[in-house]
Amino acid sequence: MTVRVAINGYGTIGKRVADAVQAQEDMTVVGVTKTRPTFEARLALEKGFDLFVAIRDNIPKFEASGLRVCGDLDALLGKCDVVIDCTPGKMGAQNLDLYKLAGVKSIFQGGEKHDLTGRSFNSLSNYGDNLGADHVRVVSCNTTGLTRTLYPLHRDIGIDKVYATMIRRGVDPNDDKKGPMNSIIPVLKVPSHHGPDVKTVIPGLDIDTTAVAVPTTLMHLHSVVVKLRKNASTEEVLDIWDRTPRVRFVSGEDGITSTSKIMEMARDMQTSRSDLMDIAVWKDGVHVIEGTLYYYQAIHQESDVVPENIDCIRAMFELTRNNMESILKTNMALMI
Amino acid sequence: MTVRVAINGYGTIGKRVADAVQAQEDMTVVGVTKTRPTFEARLALEKGFDLFVAIRDNIPKFEASGLRVCGDLDALLGKCDVVIDCTPGKMGAQNLDLYKLAGVKSIFQGGEKHDLTGRSFNSLSNYGDNLGADHVRVVSCNTTGLTRTLYPLHRDIGIDKVYATMIRRGVDPNDDKKGPMNSIIPVLKVPSHHGPDVKTVIPGLDIDTTAVAVPTTLMHLHSVVVKLRKNASTEEVLDIWDRTPRVRFVSGEDGITSTSKIMEMARDMQTSRSDLMDIAVWKDGVHVIEGTLYYYQAIHQESDVVPENIDCIRAMFELTRNNMESILKTNMALMI
Amino acid sequence: MTVRVAINGYGTIGKRVADAVQAQEDMTVVGVTKTRPTFEARLALEKGFDLFVAIRDNIPKFEASGLRVCGDLDALLGKCDVVIDCTPGKMGAQNLDLYKLAGVKSIFQGGEKHDLTGRSFNSLSNYGDNLGADHVRVVSCNTTGLTRTLYPLHRDIGIDKVYATMIRRGVDPNDDKKGPMNSIIPVLKVPSHHGPDVKTVIPGLDIDTTAVAVPTTLMHLHSVVVKLRKNASTEEVLDIWDRTPRVRFVSGEDGITSTSKIMEMARDMQTSRSDLMDIAVWKDGVHVIEGTLYYYQAIHQESDVVPENIDCIRAMFELTRNNMESILKTNMALMI
Amino acid sequence: MTVRVAINGYGTIGKRVADAVQAQEDMTVVGVTKTRPTFEARLALEKGFDLFVAIRDNIPKFEASGLRVCGDLDALLGKCDVVIDCTPGKMGAQNLDLYKLAGVKSIFQGGEKHDLTGRSFNSLSNYGDNLGADHVRVVSCNTTGLTRTLYPLHRDIGIDKVYATMIRRGVDPNDDKKGPMNSIIPVLKVPSHHGPDVKTVIPGLDIDTTAVAVPTTLMHLHSVVVKLRKNASTEEVLDIWDRTPRVRFVSGEDGITSTSKIMEMARDMQTSRSDLMDIAVWKDGVHVIEGTLYYYQAIHQESDVVPENIDCIRAMFELTRNNMESILKTNMALMI
């Protein structure tokens, strides 16, 4: 079976998921939507994707720009088995109704709340729970990052408590409108929403999070404190992560001293769009001190959820029932 | 008695301490040093301070710039009772020898280590321990900030453990050379030096800290987790801080959502140099949840240690034996 | 006569103009407006200003916040001779109607277009043209900056052509919402609106401008090329500016190498809010080469128009008929 | 003939030139040097390059890091026909002596001055002048950018005068040490060195430049004013650039409003390292007004000189005597 995938919202996440789907052998992109005739719409056509217009009234604008369109969102929904909803926040409920009406499955991103679908997904922690599901949310970039490093510790060592501080990038690199500039903005609601969100994919984990936004565009950085259930050495923790997919060590000693150095490494690795789909953990920043683990990790907010979307499709269509098989397949295809 | 104070290093901290000393009735500035004839040297003269040249060989450069100098550092040491060392890092040991040779007392800043003098100072937590002392270190801006909010909790409620993440400004506003730009740099050594440093002024406190540097110039921001020894409500904590000098509440609800908004508030308050010598705690960011306190505070790294230097002089010369009397006097004079 | 001044919009410009009016002996603030009960509203009350609510329906919100209000905008208009409109852009036309209806004079800021009132104002170049006028626009911070340095050259030497590139700060320091972050945004419309705007206060000047926005908050910087009508030496140009009010020299040789260094200088000067109402011209960046003058100047966008508003009031009420007399009076009162 | 190329300094430029050489059929990389065993040294080995140590005494450090090295710089010079010097500034004179002693040709980058070799190179403007040359400097990223757009106008229309303002990025993305942060730094020496530098590759051009540094990492932006010798329409200018290699139009109307949007476009184009070797000119920012041309262009400082280095090798070894043939070959191989 080749799953026919529609991308609703060909932006930061959508364009990456589209490329990732095309790189798999068991799924294919049948079309992408765009609301306005920007350079990203042109890009979709250059990549060979069929282009649909999310807002029907805007079709003439596309035609005026010389961009060939294949119809509106309804037309696209008629051709697909599943739609990946990559629209900006707050449209989830409305869109879910459309997808149900069209009789297609759907995947939402982490900007939507768990309650929208009642199902949240992480490839490592709960793939099996979503086998055959119809409407699922892939958790956010930050939640995905926390889950990738915390779940294996939770499973193999046990965790009493997690305190994590998220130092969040202000905006993505391609956003030239928003800030903050020269300012640090704390999220005054404590714990921040990230902690509860992790629990949607690691039930029972005791985690509290705080967050601040800072004037950078490249990556989020997490400073994490974990009270381990049983004592373990720094080496044991490193060993667990060494065996965990989509977790990559970097090292200050090698000159990788910051998020910008990590992104330089990704450019040198010649990844697609210079992305880093792995979570980067500073090996020389991991320290277990009297049963408490401290570590720093960096999250490439534009891309870490991309392979999770692919795995989620496989789970929903039961293309494979084993999460590691899907993870391996996805990683191979995406050269992660 | 009027204590005669010398400022060695009329830069970011030095120029502020000089103004603060002049505002007191029991001490006076007898001179300041500068190494090069910059606009800050000119400023010192305009303010009426006697100017001394830290590096004797540079005296001709000052004369060529038309700046009247009164001699070198030795000359200044001959006129003072105490020298406030505000020189850049790593010169402490060498300078301390000079001060001892000249037979004057000295105060160092937080860039130096505790071991230099064996004495660290915070107005609130250990004023009494430094009565009559000859050579003392005023702890750093971050340590001062942590001490101001943690010490009263430690004293009144008891603290089992503190985890604090420092989100540090990259450089001060007047430094146009250093970064980081568009990057987040973690301090991979864990715990960072801040935790042990707090223990030099609050012995016995169990505190671990992590730190990152971010691309801003205005303030450090701390995200702090405190496991309280005995349960206390959010209101009790707020009430303790409300009675603590040099801690000021700000509120996201009032529109103070970030470090840049705090600095705007300081400008509106018409403080000297738009500084904020208080530690700013977000009132609506303080939350006690099941015995664990979460809070955010912002530290104005250029100025929060200035009143501490004043109090330290009073302790060293036993101008008053009571810390609250000194704090009150200093605050009145500096309109804190 | 003491002119009764209302400030409609107690924000970045409004709060500065309010303080500046209070510092004069021939005018007084009778009230300020605010739309929401923020810390700036609280500040107005602390400063002793009567507070009015710009949006009548919001009065209960102020009362709920414990802020005493004296009425709505209409009430305020009933008490004043002139209103300084410091509301955000695009409300000019609507507000002008209100002011006319209330029978009060009004001053608008540079965010509004010349056509709104048909009158634009700069203290140096066209004070006399606005004697007794009823509704006037004080030109923007950038236009004010260009006019202060170009007008005296235009008058004393003659100018054939000006090319100026504005490197604009992204947002003001207290705005933690907008960008750009890590990006440079050109104004693709050429010439940018600044050139034509200068002609509203220096008729006949031939000037074209281009502009980019960059990720800073402190000041605009102008790189200016002037083809002089008759040859003049660098010294002659410096001499003209030396005699021009509200133009201040800074020097890279003194260590003032950037906009952040200029702002540090302003803090050291202990100006109100650390503002710099003067235009800063780099003395060692002024070069006449074969009849073409090159120079750099920096504009403190938050404050350079403040004294212009004061002078404009004097012109409109003919408190003095001579511009230099008003400029001198304003500068003395504001310690410029 | 296959030219054997050595890369001295495998950093920002060196690693890109190495990849570019490998992509050609008439040249090959015989080795690269590194001074310290960082992640870039590891990268060189992973790419299959022979690794040499620029500072012989550091060889043990490489071995301790498990990095296999093939010898020192002398060993590398013994194996190559030409060395591309990509070392940091100020080492040119010393290195040139080494290269001459070893009897190999050499190419320097724009950080060195014209006088070092007496020869400067741009593929478009003076390829023919450097046929068979032994030691040549490829001009800097900014000079290359200016030359690409100015030379064809100079040749086809004629230019009376150019005024250009360079708004320079503070540091490259991978530098997390330097600034400026929240500041604009003007180059007070006028004209800046860029103007004279352009004349080394376009003799006789009358150009004056000014420059400022701003807090971004992505690209330089130029605001250029050109007084054309004979009148030409905007369309004629666009038409000339449309036929010029390595000049690419972008458009604000398509949503490419800033340097960060251009870099996003490069990522979407899946270029190597997300680089943009073309100069980007905003099509809707090009305006001829009464014989004066205004335009904005953006320069990707990390990569625009890379194809120039390739063409320079071809000229020096007379692999082809025609510049357009080399440009075409290089562009094809690099997918420009």
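Labels A, B, C and D are assigned to the chains in the order they are written; within every chain, residues are numbered from 1.
Rule of thumb we're sticking to: a contact is a pair of C-beta atoms (placed from the backbone, for glycine too) under 8 Å apart; a residue touches a chain by one contact, two chains touch by 3 or more.
Computed from a predicted structure; not experimentally measured.
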item: Between A-D and B-D, the pair with more C-beta contacts; value: A-D
item: Recurring contact interface, reference C-D, options B-C, A-B or A-C [over half identical by residue number]; value: A-B
item: Centre-of-Cα separation between subunit B and subunit A, whole angstrom; value: 42
item: Inter-chain centre distance, subunit B versus subunit D - centres from mean C-alpha coordinates, in Å; value: 46
item: Separation of subunit A from subunit D, taking each centre as the mean of its C-alpha atoms, in whole Å; value: 36
item: For subunit D, residues contacting two or more additional chains; value: 173, 175-176, 180-183, 185, 215-217, 257-258, 260-261
item: Category of the chain touch graph - line, ring, star, complete, other; value: complete
item: Residue ranges of subunit A in contact with subunit D within the complex; value: 15, 36, 38-40, 42-43, 173-176, 181-182, 217, 254-258, 260-261, 263-265, 267-268, 270, 272-274
item: Touching residues (chain side subunit B, partner subunit D) in the complex; value: 170-171, 173, 175-183, 185, 215-217
item: Residues of subunit D that touch subunit C when the two form their complex; value: 163, 165, 167, 180, 182-186, 188, 190-191, 208, 210, 212, 214-219, 221, 223, 225, 252, 257-261, 282, 284-285, 287, 289, 292, 294, 296, 298
